[in-house]
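Here come two complexes built around chain A, the first alongside chain B, the second alongside chain C.
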Partner chain A sequence: MDVPKPLLRGAVWLGHLLILGGASAGATLALRVLIGGTGTLYLTLPRLFPFAQMSLSVDGLSAFFLLVVTLVTAAAALYGPSYLGAHAKAPLVQTFALGVFVACMAGVCCAGDGLTFLLAWEGMTLASYVLVVSDTRSDENTRAGLLYLVMAHAGTAALLVVFLTLAERGHGFDFDALRTAAHSLQGPTRTALFMLALVGFGAKAGVVPLHVWLPKAHPAAPSHASALMSGVMLKVALYGIFRFGFDILAPTDGPVPASWGWTVLVLGTVSAVIGVLLALQQHDLKRLLAFHSVENVGIILIGAGLAMLLTRGRGAEPLATLALAASLLHTLNHAAFKGLLFLGAGSVISRTGVRNMEELGGLARRMPWTTWLFLLGAVAISALPPLNGFVSEWMTFQALLLGVGKLGGASGLLAGVAASMLALTGGLAAACFAKAFGVTFLGRPRSIHAEQATESPAPMIAGMLLLGGACVALGLVPGYAMRLLDGPTQELLGGLGPSAVVSARGPLVLSGTAATSGLAATSISVTAVATLLALLAAVAWALRGWPRRAPRRLAPTWTCGMLPSSRFDYTATAFAKPLRLIFAAVYRPRRAIAKETGPSPYVIRRLGYTGEVVDLAETVLYTRLKRWVTATAQGIRAYSTGRIHGYIAFVLVTLVVALLFFART
Partner chain B sequence: MSVDLATRLIDVLGALLLFSTLLILAAGQLFRAIYAVAVQSVFLAIAGAVLGAATGNPDLWIIAGITIVVKAVLLPWLLIWVVRRIQIPREIESVIPINATLGLAAGIVVLAFRLNASLGPVRQAITGNALPVGIAVILLGVLVMASRRKALVQMVGLFAMENGIFFTAMAVSQGMPLIIEVGVILDVVLGALVMGILVLRVRSSVDTDIADLESLRG
Partner chain C sequence: MEDAAAIGNVVAQAGLLVLLGPLVTGFIQKLKARLQCRQGASLWQPYRDLAKLLRKGTVQSDSASPFFRAIPVLVLAATVTTTVMLPVLWAPSGPALLPLGDAILLLALLALARFLCAIGALDAGGAFGGMGASREMTVGLLVEPAMMMAVFSVAVAGGTTDLVHLAARRATLPALSWQAPDLLALFAMLVLALAETGRIPVDNPDTHLELTMLHEGMLLEHSGPGLACIVLATHTKQIVILTLVAALFFPLGLAEGSAPVEIALAGAAFLAKLFALATFLGLVESSYAKLRFFRLPQFLGLGLVCAFLALALRIL
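Here is the complex of A and B:
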């Protein structure tokens, strides 16, 4: 491209500022619907197609997800120009694709009819595909993009079946017509449609075992686009699951079928555990974060599945409200901290050019802002108080434990298993981020790139600060977040809003004041915990200057007489080794040590180590599927002779057979 | 023209149409096949004119005229011109021997008439037996295309099939709307032109027969 440099930079900035403006407008709109109580906003779009009227409709659920979209979008728009300016190959294309991507995600959330929904959905897929393949052009990225496109379109095919079935019965595409069509459905048909929708949205949300594209495609995009894909696009897919599972397809009278809740809960639990286990063994910073998205989608689905099991049609079941509120809140929280972490990883990558954390290290001194903000995100995602990840995971946990007693029987048992798995997930996530943060930022630099790193420019820091602020705010005063959730949960479940179930007196998360709702949950005040932590930190800080008896002396660590080097530090592989051994059944780890010896076997010239773990879904399911497809294609190819009259003969035979078949009746 | 006479005429013309199609299949020489398809087109045009007179539908007269001009004169002339131009052997090389092809053709004709029994409801007053004839001609046209090696003969098969489709349309609904018929004829002309150009071009630039292109498969 021959555009002069300053002009190019100006255009990129302009594009991102436009996106920022759009995001602010969208956030204002969403907050007006959620808090202002304007009711459902409805907008008819110009008639593009003769057979359907397109429209936008923003109710509570839409507005909540619109808020999720706009929050991360605003941060990404602040962050983007500097990031793209540093090393992008096609900044203009990427800026444009980013704009389309964001607009389409907002469009999916606000769609008022199936057609708008599907068009925006496709636009979202295509724009993000452009982002995936345009950043670095390597074979690996091209393959990742192709895999992404195939999986996304397979999912869309399933969705098309759902939409067309409903639209055909309801004689229209708008959601009201679809709802009416769903009312008259038989039980099995309804369940079949829901499962199809679950597959379609699940493929996009990265639910195990449909997640294989995610850790390949998400890291390939520019980092702020990765933040949007991981932090928001998955949520847009979850919006589809909420919209269909609780609203459009849900029966108006009576509970949601138990099979739905079971499926969603099991899928969620499996995704959470598998996601975090695989994340633990990744050494590529962005890939690790992408696997954590699988985990968090799992946690969100656990809440949603529990709410499905607990709900009893239109009516008050406070525990279902609690589960759904936890699930929705985690959606918002995950968007905030995952966005922050991806932006932080992008900051590291743009300053060092390295994604493998084994080659990083020692960045804490060189990039203090990024380090602290990444730490904030890491604490949040590890579900530690007083940040936002804790709040929603703790609510999910409470809902599960209370659900064990409430549900009883097999469902109760399942909830219990899910609770224990959630606990395991939380612990493993903390271990994983101890590794990611420690290996990347602490210790000594392990490569020249890490040694020469400097802090990122201010706009990038500003983008991260925005999301970091959101993490802290949502963590310290979750009571206000509960008010945001009133609209969506009451639309989906009816009954009391979460701000009535969960005490909303400012900072409190969950308390027994909801006696009316019959919930006897443990109460905890995040603000109190935060204050306690702050006090402890202050005490520690004060004690730091305590006079010591012996004079202080700075010296290198004793290393048995050798010169200490950065190679002595803990590596990511080493850190994850205990877990690799414990979960060997899942990982199927493989390692190869290549030894090159000199004249004597005791003189080792070179030592090479390669180790890898497998994704069971990939090896067990997808490799077999691929083999089967290839074999079938080879079989068909035998009939593809290349002779024209051969092909015409096929046509003739088909015609005759068709005539015989249809004339028989 | 009385309906009874029209029905008998259509039956006779149908028989002639079928016979000319069998002539195409039996032809061992390129020119004979081309002449046979020209004759077939003439019969089709006459059938159109008879139906036009019987029903008083002026569109059918126009279609009959176009059929005479385009299918009976223009396209055969174009094919002959191409054959003269590229100087290929005039014999028809068949994938399946001609006798075997005729056996298959007999089977197809029987099948078409058997099917007619179950397609009863679409039977029309004027064009009683035309439907099975039309189906048979279509299938035989495809058979020509499937069993002959040369691209030009396959084009002849395409014309025969096209005629069969026209005849079927007349039998079932007394002709399609004029605009569609004209569009279909234009398609055929275009197809013939493209194929003619392709054959000539391939011949003059790489000196191979178009049938050798099959070795290009991936």
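Here is the complex of A and C:
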């Protein structure tokens, strides 16, 4: 493309401003539905197909996820032009793909019928595929894109079965028809359909063991697109799980089957722990963040699974409300901090061109805004107070603990295990981000790229500030966010909304359960604690200089008398070494040390070190699957002669068998 | 009026914990010295050390970021904030007027302090700091979930994670409602307390040998008033952990109102519990050798398994 440079830049800016405009409009719409009390908005689309009416319908759940989409989209749209300007090879194509991607995600959340849902779903997959493969044309990216496409379409196939089964019984594609169809389903069929939907959406959401594409594909896209893929696209898949698990497929006259809750809770727990364990051993900044998305999807599913176990039909159950509210709030929180972290990583990558954190370091002085905003995101994602990640994890903990008492028996034990695994996840995440932040931004620069880095331009900082502000606001005054959750939880569970359960004692206090339920409610006030923290820090700061203005001087770091250099800095590999040994059963670490000796074996000229850990799902499950598929394909090839009449015979035989099988009635 | 009294109580308890923190360390040092047939330093030595550090100048690493100066202050603030969540002398049974925090928030704030400390260690850019940070975070992530589980096993019985409510409820039950899970949870907590307070066999607070340091390794680049802040935070964390154990398992003698006799009794009970636990730490420290770092997962695994069994027994 030979477009003049200023024109190109103008077009990219225009595209992103259009996306920003769309995001603001979407956010306004979502807020109107969530707190404006307009009820469900409904819009019929032009009749595209003769057999189905397409429509958009925005109820509370749709509006909430639309809000999640628009929040990160707005930040990405602010951030995008400068990032693409510095970095991209095909900025116009990427801007266009980004627009389609975002519109399709909003379309999935707002779809009022199965057809619109599936079309938008497919558009979302294809547009994000373009973003994955367009950034750098390396073999690795192409392979990541292919894996992504295969996994996404395997998921879509599962979804197609669910939709077609329901549409056939309900004689229509709109969600009301699907609900009516689901109403008459038998128990096992219902569960089978839910499991299929879970596989379909789980493949997109990166639930272990369907996560293998995610850490490969997400980092390959431009960083603001990665932020959208990790922060939002996974949420759109979770929207599907919420929509099907609690709404369309849920039985109207009884509790959700226990097997659903068990499956979701177990999948969530496994995803959370495996995701963060694998994240700890990554040295590619963006891949590390992508693995953390697997972890956070797990945490969201823990809340969702618990809500499924606790809900008893359409009755009011404050604990189920608490669990679902925790899950939804974490969805919003994760979008905010993961978006922020990806944008921060993108800022580093666009200024240094390096993704391997071992070659970074010392950026705190060179890129202060990026550094401190990344730290904010790191504290939030590690579930440390007083930011938003802590709030939703606290609510999840409360729901799990109170759920333990309520459920008892095996389900109670499962909830207890989930609670302890969640605690482990928090500790692992903190260790991982101490490493990621410390090695990337602190210490001395370990490469020329890091040494010459400068701060990113203002629009990129503005995008990060928007999400950083969301992290702080959702952390310090989470009570106000509860009102946003009222709509979706009441639609899915009935009964009281979270603003009556969680923030019953005013917006500044979070309570474990409603005071009306008779249980002694555990209450905390993150606002008060944050104020106290700030106050104590101010007092300590003042006291430190109080006895007398002591002199302060600078000196090199102590390195046992040797000249300090960046080679003394602890690397990410070294930082994660103890965990590699402790969790060796999961990691199966491999390392090879190549020695190049001189004239005698005692004189070592060079030492080469390579180490890697494996993703067990990849080696155990997928390699076997691949082998099996290849073997089958080889077997089939024997009958694939290339003669056209042979193929016609196959088609004919298949047709006859199908007719015999299905036309018996 | 009642508001002011409640806030006054919280401030008094927090102040008491911060002020007593160094004394507990002094007591343990003295006990260790006597067990080694030494005279040992005075009980008040930790206070003198703090005063000395506060008067000293600061030497800061030239490769550290501007944030490095704020880290000791933030670590201290996060640690001291946890003191308002514990029942020390008072445990009113009614709902708190301004609920501040519960056990989860307390452990999360301690995790925040640890996280900031690790960041500070990586900031200076020496190998010792990085090694200390890596080890401390590793031990921390093994200890934290186990401690959560031990707390949960008590919290599930009480139906809340609010430590004041838990203590107040337990104090009214006959024989403190001690059951088998409590024994397991207490054992787990004692194992974990050794790790959280950085004592032998997990860490050795008296050494600065690079191969054995955990917590101290992270502090090498701090000096003067900044180091004083972190050392005070370490003392405070120790007393907070001990008070947490006491509040979970021995909530005896906590005052309801503000009668002088009641408060005097509560104070005596608190000191007795505190120094009993401190004696335990000192005795363990004097009778065991420090474990190799990679043996620690087995030792901490003991705590983990006990805490898990306690939780499982409570649920089933």
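To be clear about the criterion, the second predicted complex is superposed on the first by the 612 of 665 C-alpha atoms of A that agree within 3 Å, B and C clash if a C-alpha of one lies under 4 Å from a C-alpha of the other, contacts with A are read in each partner's own complex, and residues count from 1 in each chain.
Criterion: a contact is a pair of C-beta atoms (placed from the backbone, for glycine too) under 8 Å apart; a residue touches a chain by one contact, two chains touch by 3 or more.
Source: prediction; values computed, not measured.
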Counting residues of chain A touched by each of chain B and chain C, the higher count belongs to C
Per the contact definition in the header, classify A:A584: touching chain B only (first), chain C only (second), both, or neither. neither
Contact-wise, after the overlay, does A:V656 reach chain B, chain C, both or neither (first, second, both, neither)? first
Applying the touch criterion given at the start, work out whether A:A154 contacts chain B, chain C, both or neither, answering first, second, both or neither. neither
For A:G409, is the partner it touches chain B (first), chain C (second), both, or none of the two (neither)? second
Touched partner set for A:T641, first chain B, second chain C, both or neither: first
Applying the document's contact rule, which stretches of chain C touch chain A when the two form their complex? 54-67, 70, 72-74, 76-78, 80-81, 84, 95-96, 98-102, 104-105, 108-109, 111-112, 114-115, 118-119, 121-131, 133-135, 137-138, 140-142, 144-145, 148-149, 152, 155-156, 158-162, 165, 169, 220-221, 224-226, 228-229, 293-294, 297, 307-308, 311-312, 315-316
Listed in rising order, the residues of chain A that touch chain B in the complex are 640-646, 648-649, 651-652, 655-656, 659-660, 663-665
Please give the residue numbers of chain A that touch chain C in the complex, ascending. 361-362, 364-365, 368, 371-372, 375, 379, 382-385, 390, 394, 397-398, 401-402, 404-405, 408-409, 412-413, 416, 419-421, 423-424, 426-428, 430-431, 433-435, 437-439, 441-444, 505, 509, 512, 519-526, 528-529, 532-534, 536-537, 540-541, 544-548, 550-559, 564, 566, 568-571, 574-579, 581-582
Touching residues on chain B, where the partner in the complex is chain A: 95, 108, 111, 115, 118-119, 135, 138-139, 142-143, 145-149, 151, 154, 211, 214-217
